[in-house]
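Going in written order, the chains are labelled A, B and C, and every chain counts its residues from 1.
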Amino acid sequence: MLENLVRKYWPILAIIAFLAIFPWISPETFFVDFLLLLFMYAIIAGGWNIIGGYTGYPSFGHTAFFGLGAYTTAILVSRFGIPPFITAILGGLVAAGFAFLIGYPTLRLKGPYFAIATLSMGFVLQILFLNLGPITGGGEGISLPLPPWRIEITITIVYYAMFITLLATILTTYLLERSRVGLALRCIRDDELAAETSGVPTTKLKLISFMLSAFFPGVAGGIYAYYSTYIDPFTVFTPAISMFAIIFSMFGGAGTVFGPLIGSAILFTIDEAARYSFTVPGIDLIVFSGIAMAVVIFFPEGLVGLLRERIGVKIP
Amino acid sequence: MHMLEVKNVSKYFGGLAALKNVSFTYDGGILGIIGPNGAGKTTLFNVITGVYKPTSGKVFFEGKDITGLAPHKIRRLGIARTFQIPRPFGRETVLENVVVAGLFGRVGRVSREEVEKEAMELLEFVGLKDKADLRASSLNIFQRKLLEIARGLISRPKLLMLDEIVAGLTPAEVDRVVELVKKINKEMGVNIIWIEHVMRAIMRSAEWIIVLDFGEIISEGPPEKVAKDPKVIKAYLGEEYVA
Amino acid sequence: MRLLAQAIVNGLLIGGVYALMSLGLSLIFGVMNIANAAQAAFAILAAYITYWLFTLYNINPFIGMVISSVLLFLIGTVLYKYVVRRVSELMAFTLLYLMAMFLESVMVFVWTNLYRGIRLPYLSTSISVGGVFIFLDRLVGFTIAITITAIVAFMLKYTYFGKAIRASIQNPIGATLMGVNVEKIRMISFGLGLAISGFAGSVLGIIYPFYPTLAELWIGLMFAIVVFGGIGSLTGTLIAAIVLGIANSLVGTYVSSVWAPLVAFVVLILTLWLRPTGIMGRKV
């Protein structure tokens, strides 16, 4: 049975193996650093994909979850000395809790209410954290203690943390897609009323889906705080992250397992490359939102969808 | 205790009365609900299946008050329904369309393999077996209606509510569906409440007819009696046609 | 006591401008059931256009705001016809959100995130009425807001277009049967909605400093107002706007002005929790 799995999925396993040993074979730390950030965006996009791609309820403030995870780590590590990667998981749980808070009143309603509420999520948290100085450090942010080893080691550790989280995100998406809950979510996306009358408890499943979609970005945020050793409301509650989550996921293929990763891989690489060749700030947002609009209008199924339908390549 | 009891149900949308004090009881068999357009038939279905909350009144199923319960709970209690304009899960396969209702529509845990097996059997029963792996959006209207039926039956409902199931079909297709519905009732023992406009289909299949007009019941009885009722003729054809 | 009166007066005046701003959103919501996530971004665009006309060409802002609103109307109709109409209702929000992001980043690129203001020194004074200061710029803003609102209300009630729009809100199919070209009405309503919010944007640009990312704050406020007032009810929007204007002002006076954006969000969530239809909306 294991043989069959290996035979079927060998390209993916090969890539995973390569990425697993990458830090040891990479010529420069720069590449490891680059990949870890790419993984981070892929995790956020992958989380968004669960509620936006599979369930058909796009969220417009996913940065809220990233930021909550980051602050959870920052506060717990710098004030209470709790080990960072545990705080990252806690951060994910905090994010999921916030998702419940927002989701509970909005997901039981039909209409644009969920979208409207998520639109303000990130911004509201930014203001909240900016003004709760005593707890959150306000505009000055929070500094985390520097890890006691060389920077290359920290980067390698964070790389693996992000890598494992990414694998968890993708695996969860894969299992979800094949499960009955995943089928129900897709039916909710296709026709919520028909799903409801077919026996699907739509509100409950939407809520679970939303909380799951918040958990992974929360963890990513928690890891990021440790990596960056300094966070403030402007860096972790930024609309750019919300936007990238949507764009990377949709460009790659919302509602597919590898769509978000592929979208992140392509667009984030372009973004970083552009940053190093010509430094025109803000151009990336313009270009990416333009690309995303084109995707929504002309090929909403994204790259993976295009490859599947028009060319016939079967990517999960 | 009746299987279904609708008691003084009214439904207002703003100032518009879609249903006015509708009451009837139902104890099984094939019940037909007819009436001119806008009479409130689909609204009645929506109230019974939990899609709408009635403005006033109650609905009882097997003695239990189901008024205003969420539609998925009502499905699990044993009432399935089809939609006037079919609502397939377009991006999923035909098989998955049925399977999802089989997994979520009934009480109790059941394995995916079992449900898929049953779903295939139902697809064969309605004649869609060879389409099982196609996307539901690729089906034509007749096939979509058959899919609605299969999706309704998979949860082994006690009551299947059909909303204009033969609307928009050719005469041959109408006959096919009518035969299917009779079979479902007689062989599978599923009770049927059936909204219909195509008189040919309903009048010879139903055992009892309820006629709605402007949100009220204006006549009730076996098909032959209702067909001759002057109130019914007036509702459909207008004053002058009453003999 | 005077402080309270001051806060309420301030809130009332700014509430009028909020009302104008949200009216555009409410109109689009009502006529074509689209939640326009880009409404605030366009309003700010109007403010920038008025600003540019003023600072580059010395055009009186009160004329400039008319020009920018007309521009927004045209942009709106074109946008609706060629872009918005091509996607499903579900995707429309996403598309408009992306458009807002696009617009905001373009504005940041062109004008940077520095504060701008349409400064009219002769409006920087205030009149004192019974010890309460009525700031001239807010008074002028309020007056413009209610004038335009009144014009729109008149148009909706008495002109053919207005009745056609109202018919399209209440019953699109019925409206079609009565000979109303619903698609054309939608196109016009979209343009009109943007134009109305554009007016409000320009007005706010005279009262407060503005910058592109302010749109995020405004859109949250606008949606809170429309939801609280009730989707589909223009009267509800007006009432909700005044209420929120006063609420913001009270919070700003007695607590701190930083918390004002949170007020809108809390109102939004509470409304959705307790009474999703809002004060006067139609049933969800």
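For the reader, a short list of remarks on this structure follows.
Rule of thumb we're sticking to: a contact is a pair of C-beta atoms (placed from the backbone, for glycine too) under 8 Å apart; a residue touches a chain by one contact, two chains touch by 3 or more.
Since the model is a prediction, treat every value here as computed from it, not as a measurement.
If you take chain B and chain C together, the chains in touch with both are A.
The greatest number of inter-chain C-beta pairs in contact is found between A-C.
Seen from the Cα centre of chain A, the chain whose own Cα centre is farthest off is B. The mean-CA centres of chain A and chain B are about 43 angstrom from one another, to the nearest whole unit. Separating the centre of chain A from that of chain C, both taken as means of CA atoms, is a distance of 33 Å. Residue positions of chain C touching 2 or more other chains: none.
Residues of chain A found to touch two or more other chains are absent. On chain A, the positions that touch chain B within their shared complex are 180, 183-184, 186-187, 189-191, 193-203.
Of all residues in chain B, those touching chain A in their complex are 49, 51, 70-72, 75-76, 80-81, 83, 87-92, 96-97, 99-101, 103-106, 112, 151, 155. On the side of chain A, the complex with chain C involves touching residues 56, 58, 60, 102, 105-106, 109-113, 115-117, 119-120, 123-124, 127-128, 130-131, 239, 243, 246-247, 282-283, 285-286, 289-290, 292-293, 296-297, 300.
Note for the complex: chain C touches chain A at residues 35, 37, 83, 86-87, 90-91, 93-95, 97-99, 101-102, 104-106, 108-109, 213, 216-217, 219-220, 223-224, 227, 231, 256, 258-259, 261-262, 264-265, 268-269, 272-273, 276, 284.
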